Each structure stands twice: as C-alpha cells, then as structure tokens.
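Next up: the structures, one after another.
The two complexes that follow have subunit A in common; it is paired with subunit B in the first and with subunit C in the second.
So, the complex of A and B:
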C-alpha cells in the first residue's frame, strides 16, 4: 500500500472526474486523479460538442487556450426521408464571439483539461485500473488499483468512472443495464481537407456546423449526427439497445445506411475514415439518477446517468457535477467531516442546478423511447413528413386545398389515424415538459 | 553499493510514425514520445540487479526539456535518480557527439554519487537504428563493452565479474568480463516491469536533475552539437514497394477456396522445401 493518504481520490479522468480533481486541487486539497487509459482521452468517446458556460465557470477564458475544433455558428436539424429531408436550422454569427459551443475531439481536449488539473496540483495516476473500493465499517476509505502496492487511502473517493460504472455497481447504486435505459452510439471520424469542409458547409476558418439527424434509423429509436471539425467530420448514430435487440440490426449497419443517404453522402464523399469508435450512452434520464453521495464517496457524470439525450448534452453536465463534487469535498475537508450527511451537500447542489432541472423536464422522454412507438416516431413519421413536404411543393395542377389534405393525410395515416396522432403529440408534449 | 547508470532516449512512438510523402522525412509532429523500447530492457536489467544485490540506479538522457516525461517513467519503475542533459548547444548531435556528452555525464555522475560499476544501454534506438552510442560511450570511458546481451547469467559482486550471453548473427556467445562494463540490451533480456503505485506517486512529483554545458567545465565545444557531428544525411527516400505476382483464387464458398489454395500450394515446390509430406 502507498504510505501516503490523500484528501480526495478521483476515479476517471473524463470531464466529470477532471473537473472534480481540478476544483479540489485548486482548493488546496491533496488529490490523486486515476485514469485507466494510457492518458486522459485515450479511451473517451463522445459525439463531439462542448459548451462554453459550464467550463468557463471553472476556467475563465479557457477557450482561448483549449484545443477546440470549430466554434459552432449553425445548428441544423434534418428529418430524413429515404432520399430526401425536411430541414430546419439556425445560423447566427453572434455564436462566434464568445462562442456558445464548439466541436471538439476528446483525445486532445481531455488531455488538455487533465493537464490543467495537474497544474493545479492533482497527482496523475494513469494506465491504472481501480478494481474496487476500500471499505471499513461501511465507509469508503480509499481504492484498490491493479498496480503493485496498489491501495490508496483517501478521505473522499469521487467516482467518475463513466457510463458503465463498475464502482457504482459495487456500491449497489447502479444496477445492471436494462436495454431500454441505454443506447449504443457508433461514430466515425472522416478526414477531409479543411477547405473542402468549409466549402461544403459554407463556413469560414474556425466556424463550425452541426447537423442532427432524425429518421433512417431502421425504425429504431435513435439519432444521427454530423459535426464539422477542423480537418475531419464526426458522423455517428446512437440507437436504443432494446430496439437493436428487437430488430437484430447492428449499429454500424445503421450508420452505413445514413452515410449512403444522398444528402449525407455528398458532404462526406472523398473522405478517409480515420477512426471508428463505439460508446454507451445512458438514456434512463431523471428516474435513473442514483443516490449521489454516501459515507466517504460521491458520484458524478455519466456514472450518475447525467445525460440530457434531447439536447445531446453530457459533457457539460459532467463538468458541472464534477465541480460541485469538488466544492463539496473542499467544504467537507474544512469541517473534517466526510460522512454521508456532510457529502449530502453535493446532492443538494446538483438538485439546485440546471442538471437536475433539465433532466426533470425531460423525465418522460425515456418512457417515450421505451414505449414501443419507435417505428412510428423514427421511421414512419419522418418519412410521412417528407412525403407531405414533397406534395406541398410539387406543382402539378392539383388545387392547393386538395394538396393540404393530401399532405396531412400522409402524416395522419403514418400515425395510424387522427386519434393516434393526437395521442402521440400529447405524449411527446408531456415527455418534453415533465 | 553498486552504482548502475542507464542511458535512455526519448523517441517518437514508431507505431505512430508517418513519412511525409513530399520531403521523405519523419513526421514527428503530434507523434507521442516514448522511452526507446530497448532502453526499457536495459533499465529493467539494472532494476533486477538492484533488487538482487542492492544498487543505486541513475538514469541519464540527453535531449530536449520534454524528455523529462521519459525520465519520470524510469523513476516510476524504480530508478533512484534521473538526469536530463539538456542544452541548445547539444542539439543536432550525431552518435559521435552524443556518446561524447553521455560519457561526460557518466563521469560527472561518478563524481556526484560514486564510481560507476555498470553502464546499461538499449542495443539501438527506434528512430536512429545505428547501435553506435553504447559502444561509443564504452570507448570514451575505456571500459569493456558487451553488446547485444540477451541474458545475464550471473553477476559476482565479490569478484566483480559478470557473465552474459551475447546474441550474434551466427550464434550465442557466452562472455565473462570484469566490472566496470557497458552492456547493450536486447528485448529478449527481460520483461520490463509495470510501475508500482508508490513508484507512480514518486514519479509524479519527481523533478529530474538538469545539467547544461555549464555543468561540464572541461567540455570541448568542438565535439558537441552539430559542430561535433561529422555525420551528414545526404539523401533520404522511401523504397518503392516491390511488385509481386498476385493470383486471385476464387470458388464457391470458403471450403472450395481453401481447397483450391491448398491445391495451388502443393503444385509448387514450397511443401517440399518446408518439409511437409
């Protein structure tokens, strides 16, 4: 066992763990940051969008030095039909200075973020796996790692070991996954010359664009995305595991289908696939958030199921929860009290934050996705909307009033009648406004 | 107590190296740096001797400030002290100039921490592949050199002698030598250890000792850096891939294709050459 004792041991150097380590170390605590990857970011995967606000709370003006890809000036939403799309979007150059969000690559960003925690004084312990929590009299008192003499004692362990939280499971607060609580995302990084990307997406240097995609997920609940980086595109799709099981379709087959869509194909063609990755995304939402603290421990980020699937927000929830855990650790250290009662302040802080409020708002989305309406919501309706749009814009001598009826019929028939359409609409409304 | 010096080099990770098609030079930008593969085996052997006989292990590298990371890795594995010999004046050194500076540094390490009993190096670096620096150091220190060592049979600290197996092209040579001696390590020598947790903690806080030209009052400036390096790279190129005759074997189903492949192979003299019946 290592002789020395730490104030805080953080498990996992993703955005949540690094934010916690940074905060606690900056507050003067003795912190160790443990990461199983060769370096932070080596094993981490996300869609690709980072937001300013939450990180700026931690490191003012961080974006002037952090390795970010492109400041997003335009966000598009494409509802895909088989060979068509109904598109929405908003471009605004006000998003540029200061940027609202960026595309980023984790392999660069996480390394940079962890280096800030190291500069603040956190001791990096990488390529090291935490195999279990050390417990005495029901309290967590440290961690056991897979290294020789690998026990490390600490007053507080902050658990940020990601979506498949093994430590959360060992505490009994994280159950085995249910297939309808998790989606599987696959992603490719496709290299293209900078200028080609800028031409295809109508961008200037350092400006970026994101496209979210609904439809063409083989009738399964899921979303696709296409993001612009400096000299690469990130394209991917996440699909509910319960639907993948039901349909017996592999996620990369879904991605291949999306890549062949005529509107997508034009944007990515000629590119070279540089990287392929897959990752689980917690979709359980509000109702799957576990207890957040106990005697000697706190849990944050993906490990605590903090993902807002509707707004593709995960990293900023992770960063904020990590910061709150770090701040709670500082306060607990000052009081010399590391009991569940003292660390409960972290749960309170999370409940008072946007994390809790946002996840509560979308509380019903999980039920909607798991309700068995996937075929309808992610295949039939998107296609019907495309058919309706086609009908409306086609000039073929049919009177406009008749056209409207035909267009509406497309949508109604896809939904299985007026009543069903109303039911779906209400269900969706409630899910989004829980 | 024995004093062992391990010379290491931080090199670009060869698994990630690309060659710029226009200039035919290595693209080092963005390529992660690692401790030269063979040097880790040299360090491991020194640490094994330390475990068995007790020894002080000093690691020395000549390189840019970023080489600190490589030295820290050596500390995490169990080295006692790490020295970074770093100065702009050393830049552009070839193997001649490098071995000169490293030999000076080893002499200085003797002044600081006592006589050196053994110097350990990797057999060669991944980025230079010359295998000249180890022998160059031995010549300058005027000590025995045992290159391409695949096994240390025994080390007798009383008699101050060592017996090693040198792996040569035409066989293995068993050699006895008197200390002090310089060894260059093959990968077969051992399996480098994984750092312990206390080792990692020590390494995270460790700051290597830095020596610049000012720390070597008697240094001959005509023998260091570019000036001290007679090697000239006149040209580099990438060999053209060789064209080979390719034959596609087709058939109905994997079994048929496999059978066709076997038939095709048995139609050549290859099975006979390989001793198949």
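So, the complex of A and C:
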C-alpha cells in the first residue's frame, strides 16, 4: 500500500460510511472504503430495524435484492410489570405495500451494502484500522493505518468510525462521551423454526413484528426489544451506561431477567442462542451532535451521535448523513475546494434534513433520562401502570368509582404525588416536543 | 435456557491478537479505586480485580469491543484501542 492519493477516504464500512462511499464513487470520485473488521458488518450490531425511505433515496428498489429479514407489519409496545404487561400496538398491512421497514441482521446487510459501494467503484480496504488522521497546517490530508506503509492521502476524509469514534475524539470535536450519553445494549440471536415464529407472533411468510419493552430494566433508563427475523429472534436490552455503573448489575443479567418474564419466555422458549453481542448506542441526541465538517473532513452516523432513540432509528440517519457527505464531496471536487467553508455545505444539508429536525424535536429527552429519575420512570411507573390496569379490570364487587381512585393512586404514588405527576407530564411533553 | 457468560461468549467467533488492545494504565489507580465498577459493567467480564495480587486482570481475548470501559472507568485508567485490523470479534449475525 504505497502512498496513494484518493479524492475521498471513508473510514468505516457501516451504513454511514458505505452510503458516503457509494455516493462519492457513483459520482466518479476515486474512493477508498476502509473497514477494521474482517469484512463490513463483522463488528456491527443493531436492534435491528432497517427503513426503506432513506436507502431507497440511494438505491431505488434495493429491497428486491438486499438481504432483509421480515417486512414489519406490526409494532408493539409492552410496558412490563414484574409478571404482567400493559400492551399497545399497531398492525397494518399497508406497511407491506410499499414496505415501511424490515428486521435485519447486520453481518448480511452491511456486506451487501458495501458490495454495492464496491460495484460503484469504491476500493475496499478491509481488515485495516485507521490509527490516526494525517494533518498538515490544521487540515486533514489523509489517514494513517495499521498496515505497513499504510498512509493514504486524500482531499477529503469522511469519518464514519461508529459510536466510539476515536478519530472524532482525536479532532477534538467532542470531549469523551459521558456515560449518560451512551447506552450499552446486549443482544442475543435465538434460533427457532420459521413456522414456530410465525405461529407465536401471528405472522405470515415474510411478515414481521417488533416489540419494544419498557420496564424490568432494574430501575435503569433503558429499553428492551424483541424482533422477529426469518428463522431467528433478536432479543436485547439497552441501558444507560451511567445507570449501569451506578447499579453494579451485569448487563447480561438484565437481559436474563427480561428473558424470564412470562410474556417473553413463552415467545422464545425452546430456542437456541446462536450469538451474544454487545454494542454502545449514542443517546446524547441533538445537543451532543459535534461540528460536522472542517478542513478536509466530514463526520457521519453514530460517530456524530445521529440516533433517534425515541423511535429507535439509527441506520436510516446514518445512511442519509453518509449520502449528504458523499454529495458534498462531489460538489467540493468539482470546485476543487476542500476547505471547511466548502464542506460546511454538508452541515447545512444535515440541518435541512429530517435528521436535524427529528433530533431537535426530542432534544429534551436526554436531559429527562439523565436527570436521575430512572428508578421512577423505568421501574415504579411501569409497575404502577400494571397495578392500575389490574385493578380496573378485576371484577371483585368494589364500585368502579372507587376502583378508578385506587388505579389512579397507584400511578400518582409512583410519581411521588399529584404535583410531581403533573410536573413529569409537562417535562415529558417538552422533552418530546422541543 | 439460562446461560453463563462463558457460554454466551462461546457463541462469538474471535481471532485473538497476541497482544492486548486494552491496557490498564496504572494498577495503582485500580488499587485505590473504591468501587471497581469495571468488574460489573463489562458485558464480557473482561476485568477482574485480584485482591491478593493487587491487580486488575484483563481478559482481552473475550472483549466484544463495545467501548463501555473506555467511557465508564471512573478514572479513565483503561487505554482502549481497536484490535489490529481483522482481529478481535467477527459476528455471524450482528
């Protein structure tokens, strides 16, 4: 790998980096796509749901060839009590035509996506770690890798090195993420026969169902999930790292607890655990987004904290940010200007996109979750809601008016009184509507 | 279906490098660290404090490369790098 010059070097072949490499290569630029794993996807984990719209913007009709699991026709939300659940959900077959989103597995999907970037002309450089950014006179001019003679020079470096983003940190655009700006998710892939999955979740061939779980996270801010793949289930739980540290609970024990919940246990029983995995999720939201571009560089995806935790969207934000960075690179190449001023167009494009608008809407959520109320929000309230529902539906001769009072009292007491409940409601509303 | 962490980690394919990508910067800091949180929050049980030897052992071969310890060690006493290109974990599903 003698010193070679590229128009664009992309670091990281996840959804953000691959989208950037695909776009830039398709635009005729000379692109290198660097990935530290044995192949793209080798190190990658998500819940995982893949959305149509943002990838379709890049590759029309991609779903006809991409390795996807099941088209999601039903999304459920379960609020768990210790051995009960209050459930919500929406099933609609309109989500099939056209598909809205699919469950997916990253090892298959990321490899396929990267192969599209390769076909577009991006040069794959895998099993290679970028150890530092090369800088001259304050501008980024390439990357140093752990290969022998591993320097690559480029007019633009697109940083898509994921949630840990050691390169973003080396640029000084963010301090180290604080433990309340990330969640640790642990996940298992559980194999079951296709028909068993379809029977248990009331699905037809290729139809999928997602269940988000609130509660039973040992009083930590976090969410569980259970998704249907073709012949496996994805089950996992993500909890805020600051809470995890405080509670001194093993992350896989939180998952074990959720797996034992009677509502969950019946859905997964008899299955074989095929893989355990763990990954960090950026949770800082809007106020954690770092500067997105500078002299010779742009940053995309998880590395720029682009995750909408409320709607568990991430790969779609990553793909759009990568596409916008790729398009900016093409325009910069045409002008021959790779300065911060020229690449600022990328920041502007992100600001004009749904990424910025959605994260702005929920900008208060991080503050709400990091404010020390996890025990109440994720343990007491879900349990109280279950107790209230139990009370309301139990026919035991107590007059309904009295029952309603008891049910409300459960919720009010969990919140610490009427005033606190009102305050929490307002706080929650504001956090979701910034 | 309850599983030990060893059984869980056994489901992941590793290609272990012969040198650790995780380094305790100063074992003295571990000795004075009150809570030794790393013994709990790591999803792969990489870190274990040994009272007799006064040291934290690092089972880097089991590391799933999540980065939690990098951020959550209260003393930032862990030097965290990516394993050499192509080494470390390779997921089958992801």
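Everything that follows uses one rule, which is that the second predicted complex is superposed on the first by the 432 of 434 C-alpha atoms of A that agree within 3 Å, B and C clash if a C-alpha of one lies under 4 Å from a C-alpha of the other, contacts with A are read in each partner's own complex, and residues count from 1 in each chain.
We take it that a contact is a pair of C-beta atoms (placed from the backbone, for glycine too) under 8 Å apart; a residue touches a chain by one contact, two chains touch by 3 or more.
Every value quoted in this text rests on a predicted model; they were computed, and no experiment measured them.
After alignment on the shared subunit A, the placement of subunit B and subunit C results in a side-by-side fit free of clashes. Once the two complexes are laid over each other on the shared chain, residue contacts for A:124 go to subunit B alone; subunit C is not touched.
In the superposed model, A:110 makes contact with subunit C only, not with subunit B. Number of subunit A residues touched is higher for C, counting subunit B against subunit C. When both complexes are overlaid on chain A, the residue A:15 reaches neither subunit B nor subunit C.
After overlaying the two complexes on the shared chain, residue contacts for A:148 are found with subunit B alone; subunit C is out of touch. In the superposition on chain A, no contact is made by A:364 with either subunit B or subunit C. Of the two partner chains, subunit B is the only one touched by A:4; subunit C is not. If you stand at the C-alpha centre of subunit A, subunit B and subunit C are 60 degrees apart, rounded to the nearest 10. Minimum C-alpha separation, subunit B to subunit C, in the superposed model: 9 Å. Residues 128, 145, 147 of subunit A lie in contact with subunit B in one complex and with subunit C in the other. On the subunit C side of its complex with subunit A, the touching residues are 1-3, 5, 7-9, 11-12, 15, 35, 37, 40-41, 43-45, 64-68, 70-72, 74, 76, 80-86, 88-94. For subunit A in complex with subunit B, the residues that touch the partner chain are 2-4, 32, 123-125, 128, 145, 147-152.
By the touch rule above, subunit A contacts subunit C in their complex via residues 36-39, 41-46, 105-108, 110, 126-129, 145-147, 163-164, 166, 176-179, 182, 184, 186, 188-189, 232, 241-242, 244-245, 248-252, 256, 259-260, 268-269, 271, 273-280.
Contacts from subunit B toward subunit A in the complex involve residues 194-198, 200-201, 204-205.
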